[in-house]
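These are the structures in question, set out in turn.
Here chain A shows up in two complexes: once beside chain B, once beside chain C.
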Partner chain A sequence: MNQRGGWALIKNTWQSWIQHRGFFFLLAFGWMLPLLVYLFIWSAAAGDGTIAGLTQESLAGYYLILILTNQLTYATTNWTVGDNIRYGQISRWLLQPMSPIYHALSQEIAGKVVFMLFSIPITGLLALIIRPQLNLTWGQALIFLPSIALAWALRFFWGYWLALLAFWVTRADSLLALQDSLIFLLGGHLAPIALLPPGLQTLARLLPFRYMSAFPVEVLTGQLGVQETLIGLSIQLGWTVLAIVLYRWVWTRGIRRYEAVGG
Partner chain B sequence: MSFPYKTLRRQDATQPEPIIQVSHLTKVYRVPERAPGLGASIRSLFKPQHSDVPAVTDISFTVEPGEIVGLIGPNGAGKTTTLKMLSGLLYPSSGEAQVAGYTPWKRQPDYLRRISMVMGNRSALNWDIPPLDSFRVLSQIYRVPPDQYRQTLDELIATLDMEALLKKPVRNLSLGERMKCELVAGLLYQPDIMFLDEPTLGLDVAMQRRLRTFLKAYNEQHTVTVILTSHYMADVTALCPRVMLIHHGQLIYDGALHALAARLAPFKLVRLQFSTPVENFDDFVAQWPAVEQLPVENGSRTLRVPRADVPLVTARLLESLPVADLSVEDPPIEAVIDQIYAEGTL
Partner chain C sequence: MHHLKLIGAFFKVSSQAELAYRVNFFIRLLHSGLNLLTGVLSLVVIFNQVEVIKGWDMPAALALLGVYLLLGALRGLFIGPSLESVAGMDGEIWTGTYDFTLLRPVDQQFLISFRHWRIFALVDLSMAIGVLVYALVLLGAQLTIGMVLSFLLTLLAGVTLLYAALLAFSALVFWNPGFLFTWVINDLFQLARYPVGLYPGWLRLVLTWIIPVGLMTTIPAQALVGTLSPWMMLLTLAFTLAAFLGATWLFRHGLKKYTSASS
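Let's look at the complex of A and B:
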């Protein structure tokens, strides 16, 4: 571990990213749009009644929190890992007495700060207009914290081990696109999990994708009972541990194959 | 693991242990291969073809602490691959290496803190921010104590004369300016061993000379061990008393630079100027069948004389002809190297 170097790197990356804040604000806006579209579609569908027990106001609350959660857990850096391997950029990180994952982590943390500078004011403004219904309790908020931390870790490490397949195949990024599509479908973006057909609901509860985005939102908006919450947390933890194990495994093997191209 | 050199050196107690020991190092790349065209690219989807390309074959050598060794050879000879293995970037296909007691490709942090790899065509700096910020991060990553960091940085900035560059983003620097920053980035933590891959690539002659002077002085003051690759023979002649010549992945020469010239070019150049014109010079030269006359340049004549005949030939020239000026030179090293690159053998 090299905390001192890691911290310096975070500050440094942040300084360099804040120079391109316009780009990141646009990116954040782009991620927000589809979720806003589904917010309006489901709100319209619910009308004055409820769908699967969710009212118009609670659907609005769900999607507004999902917008923030999605941006907090989205691992943008994974998209650059493959290129860094393919074009030999990770060479300079491999030469440093610090694991290259620090570079990805520092970009993650720096990125979150930049995205939140944009997303928190915008969702706040939307909340004033749409007036969502949120029944927040301290208990839900308390469980939300570990579940969103795990959601981030799971989404980051799952994408990272997929991206590291670039050591073997040149375009591993397509797997990241697949991961995004599955999160869209089974991670509560297209519709809250409760609105999915029963077969897909079961699938969503078993596969890792719900635990990368929708699960913390369901916890915070009070959609889940105690038992569902505990089972969900255990499955989330299990997938996260597996993702980290897979990352370690793929990394130690991939690095032996690395050809440090260029130069 | 066996290091024949190590056992030899043990008998001599005054001799320091080699800091770099390489034995039978080999790297074979597996390269995907396909013929050009759409048909071939579709076929390669189903049945990818690979070929094994040996980049480095069975290389063994040792380097003593404080030495500067030039690694030379034509493009694609395996120089960079060798440096990449020694700096831990590449796993070798077979063979062993010990650098400062570590196996490079295990990439232990303690090892990486002792080495530096500076690549002329690859940047160690973040291009969006000024170099000073990058230096600070590097000093943290390498855990340089703040006092030592300031002192080293001041020293490097003064010797490289780069005060003015420190606050501009790296992308706005010229190639030469960036190279200075790369060197500082590689030296901030005072490594014991430096691998320099084409450090003067693309620099103008004046900048090349300044970097060379700097590297030489730095090596003398800090006794760092340096392995350097370069395509500019001027770098090698100025810095490296010892050269290793790699060709087709094999080490074909390891020794003093001047001995390489002597071994390859078994002749010297004798340059002559006469005080009065000499009419029968061609006939005079004809008495030595082994001596060859080169084209006349600016009124001075040049003879290619076998090394062994040089004393006799010069003596005869001086006593028989109106010689105003006579000099004996080694052929230019570029010409010698050119010959090996073309022929591929010694």
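Let's look at the complex of A and C:
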């Protein structure tokens, strides 16, 4: 692996994206809105009481943190992987003396920086208006860090291996839409996992989608006990390892199959 | 009559272009299905926790979802693609190809509003009607002719409001060609998924009188459920007329600012 080339690429991409920040702010705004909708809906449903043990203020805290973590873990680049394979852009990357995954990673990092420039001030402003209640402890914050890192890695590599199926089928990006829908339903967007009906709750705890978005938020907002946290972290780690294995496997098969015409 | 013939021709040409890509139909079907599934499941999850939120129960919320899907389908059928081609990403105003559109011997606003059609959106349209019919069945036999008429009238108002909002945001592109104003309104439209009364007071005011996405779906749904006062209906119709005239004025005014894009 070529570390220096990778780093130069990351810096380059980041600087170019900052130039087009208006566009990325718009994207971030679009991702924020559905979560805001459910923040308001559940707040209205809770009223002055509680709903499954959550008050209006703690629901607001959950969703505001989720808005930030969702943008941190959302792998935007996976949407362009398929196009790069279809249009042959990847041929150029294969000639460069570093793994093409650096291109995806550089866009990931650039994206996170630009999205956060928008999301942090907006979420802060919203927090001033709707006054969430957060009981943060150092312990929770400490476990939050590995869990958000794993959430990002899981979501990125899961989407990446799905996107790489473009080596075989042309419209593999539909699978990414399916993944987004499942994250919406089972990843704590539609409702905190604790509010789902029992059947969906079990599904959410087993499938990878909760571990891509809601799990770090549950850790940080103190919704989980010690045992639940540890079990969650292990499941998250397991899915992440599987995602990386799948990515390596699909990549090595796909690249052998890849051929480009012209240039 | 002449205009209807033109719309027929636009529809035919657009459909022929789109039907050439058959796989896209199945992709579209998948996306529409996911949209419907997440919409209905959201309501199931919410009303599994609470029976009534601020006067809205499951059948009423389902009727509103039907209206939301119906408006979304109509937007996807022609309003969206037509206006996007002018003011959206790489739109004609940005690239300068709007010059050719201006030369056509037909009313500009008519042309840019009806030019492009997405025949696959008919799938969404039929799904939306299905949801509405199912909601009506759940609501039971309390339906009267007067309610149906007021529903149809307010639905027309909702479509007009949506059109006016999209046209107004498209017109803003004349002042600032680089910014994707149509995306902003598309994002905000997601807030129309739920009754405007569920949002906190400040947001309700904005969504009713400033960017009226709240009115678009809430009022027709209220007409169907029978909770719409005649006074509010008249106010909505008057507001719709004003919004339509205002958006038309903004578009014509903006048109004068167009200076082409090339050197």
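In this section, the second predicted complex is superposed on the first by the 261 of 263 C-alpha atoms of A that agree within 3 Å, B and C clash if a C-alpha of one lies under 4 Å from a C-alpha of the other, contacts with A are read in each partner's own complex, and residues count from 1 in each chain.
Everything below uses one rule, namely that contacts are C-beta pairs under 8 Å (C-beta built on N, C-alpha and C of every residue); 3 or more make two chains touch, one makes a residue touch a chain.
Keep in mind that this is a model prediction, so the values were computed, not measured.
Enquirer: Mind checking chain B and chain C on superposed chain A, clash or fit?
Expert: fit
Enquirer: Angle at chain A between chain B and chain C: what is it in degrees to the nearest 10, using CA centres?
Expert: The angle comes out at 90 degrees.
Enquirer: Let me test your reading of the model: by the given contact rule, A:50 touches which partner, first (chain B), second (chain C), both or neither?
Expert: neither
Enquirer: Pick one for A:135: touches chain B only (first), chain C only (second), both, or neither.
Expert: The answer is neither, since A:135 touches no partner chain.
Enquirer: Is A:41 touching anything from chain B or chain C once the two structures are fitted on A? First, second, both or neither.
Expert: Touch status of A:41: second partner only.
Enquirer: Applying the touch criterion given at the start, work out whether A:184 contacts chain B, chain C, both or neither, answering first, second, both or neither.
Expert: In the superposed model, A:184 contacts chain C only, not chain B.
Enquirer: According to the stated criteria, A:95 is in contact with first (chain B), second (chain C), both, or neither; which is it?
Expert: A:95 sits against chain B, while chain C stays out of touch.
Enquirer: So in the superposed three-chain picture, is A:4 touching just chain B, just chain C, both, or none of them (first/second/both/neither)?
Expert: So A:4 only meets chain B here.
Enquirer: In the overlaid three-chain picture, which partner chain does A:30 touch, first (chain B) or second (chain C), both, or neither?
Expert: It touches chain C, and chain B stays clear.
Enquirer: For A:19, is the partner it touches chain B (first), chain C (second), both, or none of the two (neither)?
Expert: Once the two structures are laid over each other on A, A:19 reaches chain B alone.
Enquirer: Minimum C-alpha distance between chain B and chain C after superposition, to be given in whole Å.
Expert: The answer is 6 Å, the least C-alpha separation in the overlay.
Enquirer: Across the complex, what residues on chain C touch chain A?
Expert: Within the complex, chain C contacts chain A at residues 23-24, 27, 30-31, 34, 37-38, 41-42, 44-46, 48-50, 53-54, 178-180, 183-184, 186-188, 190-191, 193-194, 198-200, 202-203.
Enquirer: Touching chain B in the complex: which residues of chain A?
Expert: Chain A residues touching chain B: 2, 4-5, 7-9, 11-12, 15-16, 19-20, 88, 91-92, 94-98, 255-260, 262-263.
Enquirer: What residues of chain A sit close enough to touch chain C in their complex?
Expert: So the residues of chain A touching chain C come out as 22-23, 26, 29-30, 33-34, 37, 40-45, 51-52, 129-130, 170-171, 174, 177-178, 181, 184-185, 190-191, 195-197, 200.
Enquirer: So in the complex, the part of chain B that touches chain A is made up of which residues?
Expert: Residues 29, 80, 84, 87-91, 107, 109-113, 115, 117, 119, 121-124, 126, 128-129, 133-134, 136-138, 140-143, 197-198 of chain B touch chain A in their complex.
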